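Alright, structures below, take your time with them.
Same chain, two partners: chain A is paired with chain B first, then with chain C.
Moving on to the complex of A and B:
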């Protein structure tokens, strides 16, 4: 059996473009999903019944659906529902953002809820206002709880961008598989794809572990 | 927008068998992942030093590569090395198990190391052997603490089986695509698919939470 690894180098420029799109997709989605998650958490904690149940339904729905199904559904539903035509990249960002916003919403909510009631009560007993308590007692600790989870979500998101290849978004997975189909260099291209994801993902996974250790909360 | 759900009704048996395969693949993947991941996790905590870094490398590598890549690689590239062509279902089972076992191993490690070292020392002081200590002191408490994480692994497993559609495992996602393509009613097909997946997945998370609330006290120390 002979392998021809030069196919990887000959297509290096296309692979780099694919990698750039993968990173762009992940960054864009996170930029949308952090405010989205904060909004969902605020709605959930607002105390207004309609808002909190809308937020809860949204979060539970998208946390309990396979992302690949959300991507397909977005691909077919968005143009019909809005009457506009969407590029695959836009569709991908919409689908990924819905998914990650739901996860972030739950992360922010859990982060705020994880600070024991006793701490707020102690702050009130010391004469601090509600806003002061939130700003000086709850949020600084909640951030430490939220940050490691956000970092993990980021790594998941980075990997999940590979799923949008099913709607022909030319990111790393799609590009690699397209070159594979054109050149019939199956093992070489698929191994190169795995290697690129590994090279990008491995340091991120390690960084997440470090953030987890660094920001461990000891109440 | 006119919705017409008749394609779903026309192909309900075909789709239902897909749901069956989704559940079967999820169950087998979960089983294999628990066994492999449990072994890796314990070997990482208690195994010889020389074994630890290859295991850590394996776990971290699986955590950094998308499951789609593992699936596609196992199905298309692995046969070129081994010479054995795997049917899609078995390729999916191997790939998903290899991927999810890494997460299980991490959970096992976190669970075991959450049991305070004082307990192990106390057991040793009472004259218990290493194996006894692990079996009767550490693991029972650690298992209870791992339970919620295993629950989310189960829900991740069921969701990840949908990705096996990419390598043509005829599970529910794949069959939905087929029906959607043939009937030209993708919106209805995928809406039903969303409902079905939600109905499968939502109780999983709820039931695990409920069970955990009942058992949480066993994990206290």
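Moving on to the complex of A and C:
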């Protein structure tokens, strides 16, 4: 079997563009899904029935649907539902954010629930409001505690961005597959794609380990 | 009311008598489901007085303390602070809480903040002081409890006694009228209990009004101005420490004290 690795170098510029878009998708999704997850968790724990059941429905819906189905649905439903036209990239970010927010919501809920009641009571005893207590005392501790889980969600998200290639978003997977289709260099392109994902993913995983050590809460 | 009789019987008048009490409890009741934690407690706390709540565990001492600053809302009776009835709602109690400091058995310092951060957070968020003002106040309070050199330490880097002293500084930084201590030395190693009790003693000498739930009978005997003995949610006896420790009139008080090995 003959390999022609030059196909990778000849298409380096589009692969770089695809990689950039992959990073952009993952970062933007996380930037939306972290506050989204916190909001879902606070709604769930608010004690206000309408808020907590809305949050629960959202989480259980998007956590239990295949991501690819959410992506397709967003692609076909979003323009009809809103009457606006969305770029494939925007659609992709919406779909990914719905999915990851749902996961983050559960993560933050577990994190907040793990902070013992005495911490809130100490804050209340100073005269803090519920919101001040959440913002200053509970959330900072909860976020540190769930960092490992958020990190593994991030690593999954980074790879799952490849699923939005089904709606022709020109990220790394879509770009690689297109070059493959044009050149018939299947193994070369799959290898190049694997190498790029791995080389980007591995340092992130290491970085995450470092963050965990750096910001660990000692009690 | 036994409080009044006891004062009248005693040769030296009770501290702060004549002035209206800082805290007045009248028939206070609190239950958790079917469990009655506090059943009809009436007592008062005068200005500058150290009132020690003693009694077997589960007797309702801590619950009564937590009702005082509204961490538990009472089910019946009333509590008045400076002659004003405490509100029965969360937001009203939140305002009242700013005027009472509380120290917990397990310290409950905020682990993600330094000693300075722990002490300055209340003045910053609740009193809306600037960071500089709040930190200046926090430094003064940490100095007061003898921890000026630990301002940058995190709770995990401090001993139990040091943590509890930071917790006292945190409460004092709000400049409270009353300090509530919920078994402040029960979670401490024996060798660090003394440093916390010393800080509390100094505070008492400065005239701070304090309610102390404690098992430290020596502290209650020598620092307390008034001792309240509780059992099964009710006050069984109260009076000046000499009376309670040297000639308790109630059988159950005698049992409780002898159980602790108190010889009078």
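Just so it is clear, the second predicted complex is superposed on the first by the 179 of 219 C-alpha atoms of A that agree within 3 Å, B and C clash if a C-alpha of one lies under 4 Å from a C-alpha of the other, contacts with A are read in each partner's own complex, and residues count from 1 in each chain.
To be clear about the criterion, a residue touches a chain if its C-beta (ideal position, glycine included) is under 8 Å from a C-beta of that chain, and two chains touch if they have at least 3 such contacts.
Remember, predicted model here, so these are calculated numbers, not experimental data.
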Which partner reaches more residues of chain A, chain B or chain C? B
So in the superposed three-chain picture, is A:191 touching just chain B, just chain C, both, or none of them (first/second/both/neither)? first
Give one of first, second, both or neither to describe whether A:160 is in contact with chain B, with chain C, with both, or with none. first
For A:122, is the partner it touches chain B (first), chain C (second), both, or none of the two (neither)? second
Now for A:35: first (chain B), second (chain C), both, or neither, which partner does it touch? neither
Who does A:144 touch here: chain B (first), chain C (second), both, or neither? second
What is the contact status of A:66 with respect to chain B (first) and chain C (second): first, second, both, or neither? first
Have a look at where A:79 lands relative to chain B and chain C in the superposition and call it first, second, both or neither. neither
In their complex, what parts of chain A are in touch with chain B? 1, 60-61, 63-70, 72-73, 76-77, 80-81, 155, 159-163, 165-166, 173, 177, 180, 186-187, 190-191, 193-194, 197-198, 200-202, 204-206
Contact residues on chain C for chain A in the complex? 69, 71, 94-95, 97-98, 100-102, 104, 106, 108-112, 121-122, 125-126, 154-156, 167, 170-171, 174
Note: in the complex, chain B contacts chain A through residues 1, 60-61, 63-70, 72-73, 76-77, 80-81, 155, 158-163, 165-166, 173, 176-177, 180, 186-187, 190-191, 193-194, 197-198, 201-202, 205
Chain A to chain C touching residues, read off their complex: 118-119, 121-129, 132, 136-137, 140-141, 144, 217-219
